[in-house]
Amino acid sequence: MTRVTVWNEYRHERNQAEIQQVYPHGIHMAIKEGLDPYFDVRTATLDEPEHGLSEDVLARTDVLTWWGHLAHEEVADDVVDRVQRRVLEGMGLVVLHSGHMSKIFRRLMGTTCDLKWREDGLPERIWVVNPGHPVADDLPLWIDLPQEEMYGEVFDIPDPEELVFISWFAGGEVFRSGAGFYRGRGRIFYFRPGHEAFPTYYRSEIRTVLRNAVRWAAPGSGPAPKFGWSAPIASASADSQG
Amino acid sequence: MTRVTVWNEYRHERNQAEIQQVYPHGIHMAIKEGLDPYFDVRTATLDEPEHGLSEDVLARTDVLTWWGHLAHEEVADDVVDRVQRRVLEGMGLVVLHSGHMSKIFRRLMGTTCDLKWREDGLPERIWVVNPGHPVADDLPLWIDLPQEEMYGEVFDIPDPEELVFISWFAGGEVFRSGAGFYRGRGRIFYFRPGHEAFPTYYRSEIRTVLRNAVRWAAPGSGPAPKFGWSAPIASASADSQG
Amino acid sequence: MTRVTVWNEYRHERNQAEIQQVYPHGIHMAIKEGLDPYFDVRTATLDEPEHGLSEDVLARTDVLTWWGHLAHEEVADDVVDRVQRRVLEGMGLVVLHSGHMSKIFRRLMGTTCDLKWREDGLPERIWVVNPGHPVADDLPLWIDLPQEEMYGEVFDIPDPEELVFISWFAGGEVFRSGAGFYRGRGRIFYFRPGHEAFPTYYRSEIRTVLRNAVRWAAPGSGPAPKFGWSAPIASASADSQG
Amino acid sequence: MTRVTVWNEYRHERNQAEIQQVYPHGIHMAIKEGLDPYFDVRTATLDEPEHGLSEDVLARTDVLTWWGHLAHEEVADDVVDRVQRRVLEGMGLVVLHSGHMSKIFRRLMGTTCDLKWREDGLPERIWVVNPGHPVADDLPLWIDLPQEEMYGEVFDIPDPEELVFISWFAGGEVFRSGAGFYRGRGRIFYFRPGHEAFPTYYRSEIRTVLRNAVRWAAPGSGPAPKFGWSAPIASASADSQG
């Protein structure tokens, strides 16, 4: 069973009464609820020691999901190093909403990951543009969210290997809102919605996307690369070796 | 259980004694043997009625594998139409070796799919270049084939969405030998080795690749697109509909 | 100077008075006007002999632009073959609006190229999503069109190598409206707007896009592939040969 | 005229007599010689103040080429920050050979950029796999280098947007040796050959590749993204604004 660690900054929900009303146990618990019982799910938050992401926890994590917003800069660089290394080794990473500006996502993308935004609470419509992609499994052709924050292009990311969703916003913007990336042996999926002020992570279709993204990002069993000086291979006709 | 139809031209093995020795029951049976018992596998060949690919057979096929060489032009256009339609609807397609010049592969690619070749029986070494890709599962970093036909670049295909293998040939050429494509709701994987004169499809690692490719190409459960005139959607804040 | 042939079906403008008012000399003349004097531009239309696309014309064409709508099926297959061959040899192709269902575009894509549409005359906003792409040169971050036909996802094309524009429609849809493809030695650009009932091709920013697309699609001087049986190369240490 | 800054670590050539014999004036001067007089070329080296890459120099650089090997860690982080920012703003970057492990390339890729290698001085053959790509202009179908260092897959980079070359090595390896990336508004090209012990940068075909790569990576004139809070756009039917 795929082991998932749901990471959350967990500040809004403790510090702002109106957010607490939406997510009384934290965004991570709402996300966890949508992943149980399909996966073996634990949670981790910023204010735990090592942000809850010790070497040991990461070693036992197949897919990490990431929600952060206010406190990206408080995430310790050595934890970011550790997560990056694990992703390149094969751990899946699902980056959510304002996690686009997290240290770990910017580190793995190499770009600013910036975008334009407006907290207007108008509708968002998420269109499936690649219906054959595993992250589109069991979804309708579009998902309507009655209220969300707007994110607009230009979204400063590398061209994703796999573009699954594009969002339409009532205010006139569009956004590549579901995007898959291969990095090292790991897979990364970015999924846009999830502003803290709206109950997005309780919605059934959003939970379907999260489950699909976790399944898609789960590690495979391909060979571990060997880097550095490499001896000649005895003979091209020899049997293969890993 | 994924339902696989293994299609084979099945001429070399009946008409040439030296090929019959390598594949006495046909290439399709050697491929089938490697897929059993992981999948529900049937076979179909060129000289059966409708080439063994009736509407009914295709309707009950999740993934079709294709090996052809001498007789591409004998494949009826209406069968090609039918297979193309099914792929765009979601059926997986695994195209093998000389199948690169089949009508169905050229139809789906839109290019000539041509390449350079030399039947020299020298070694081929297949390198994994994307070890995080599902088709690389359970493989070593490279696979050595002691004798194969050479295929060399330029391989006139669209840039694959997912490049998994690159081959090295003892004579001095390279080739993109494992390539994944999304088309419509279907997934297509091209895998290079498998010249009829060499026992390639009996090899354990090649069989692992074929199983991986079938799993990767198996249909998902994403939404079926609706094309043509489209009514306005009642309200952006309405619940989503498929 | 890049030689451009602007191809137009040229039926709406002759048969429908209200379209004639918008494009009295045909859509092709409006497009040509936007490309002169940057390029050496000629036009060709469906009802000319060989649709104006003789071997000789194509041999002297660097980039072909294509607008068609009602009469895709009237385009002769041998002309489609000829255009496809020329594109794979290196001729650029810029496919416009309803040309998405042309025989030549579907042939080169291998998919249905279908989409959803609604002729509602509401606004379209075209967003640049890759501001570093040559087709975005000299453009603003978005282009507003006060009235256009709606095209909506799913757009059944292969994932484009280069996605430059995404459109927002007032009715609630999105569309990948500027997409570049490499096929053979040729480059293909699809650009969405241009419904016959609206004066889209007179607009300055649209003309900038068309000029950029022609420049991007213009043939390079890379080597012509050699296909088929290939002799061993004398020595890996020999000087290279083309 | 495109302004190019050729950056070189410039240590091997000063500290090792046998390298000095190959590149008596430094690798940068051999590269510069191949770019003059097509571009406005200057050079910069590690041991200059700010490594020769002051804000002012970068502001006047359209394309930066990068060769480093022994002293990647000596490059100051603030200079790396500065170069990254300029690339994302639109400056082209051409990364050469052992520059794959430079801080700037790893920063922009987000992966380890590691690979396997062997300094065996055996032949390399570079195959064009995308003959329609601008970086393949005026090249033969392959380039033979009589002696080079071997680099082998797995090359731990993101899947390049544009794969132009694949190398074959006499010892049995392959490598994606010419790869284009879009990042922000900038374009990055990685080109493999150029071990300091061999006179690779004097070769005519290698110089053609470098010129093509510089032309391809030169900045465009697309719009600068605006990030952060964004006011609603007055009306979808208003004229567009940048």
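Note that the chains take the letters A, B, C and D in the order they are written out, and that residue 1 is the start of every chain.
Here is the rule we go by: contacts are C-beta pairs under 8 Å (C-beta built on N, C-alpha and C of every residue); 3 or more make two chains touch, one makes a residue touch a chain.
Every value quoted in this text rests on a predicted model; they were computed, and no experiment measured them.
For the touching copies subunit B and subunit D, the fraction of interface residue numbers used by both exceeds half; the interface is of the same-residue type. The chain with its Cα centroid farthest from the Cα centroid of subunit C is A.
Spacing of subunit A relative to subunit D, judged by their CA centroids, is 31 angstrom.
Here the spacing of subunit A and subunit C, counted between their Cα centres, is 36 Å. Multi-chain contact residues, meaning those touching two or more other chains, occur in subunit B at positions 125, 128, 130-131, 141, 152, 154, 159, 161-162, 168, 172-173, 182, 184, 225-226, 233, 236. Put simply, subunit C touches subunit A in their complex at residues 125, 127-131, 141, 152-155, 159, 162-163, 166-169, 172-174, 176. Contacts from subunit B toward subunit C in the complex involve residues 84, 88, 107-112, 114-118, 120, 150, 152, 154, 156, 158-159, 161, 171-173, 181-184, 225-233, 236.
Contact residues on subunit B toward subunit A in their complex (touch as defined above): 90, 123, 125, 128, 130-134, 136-144, 146-147, 161-162, 168, 170, 182, 184-187, 205, 219-226, 233, 235-242.
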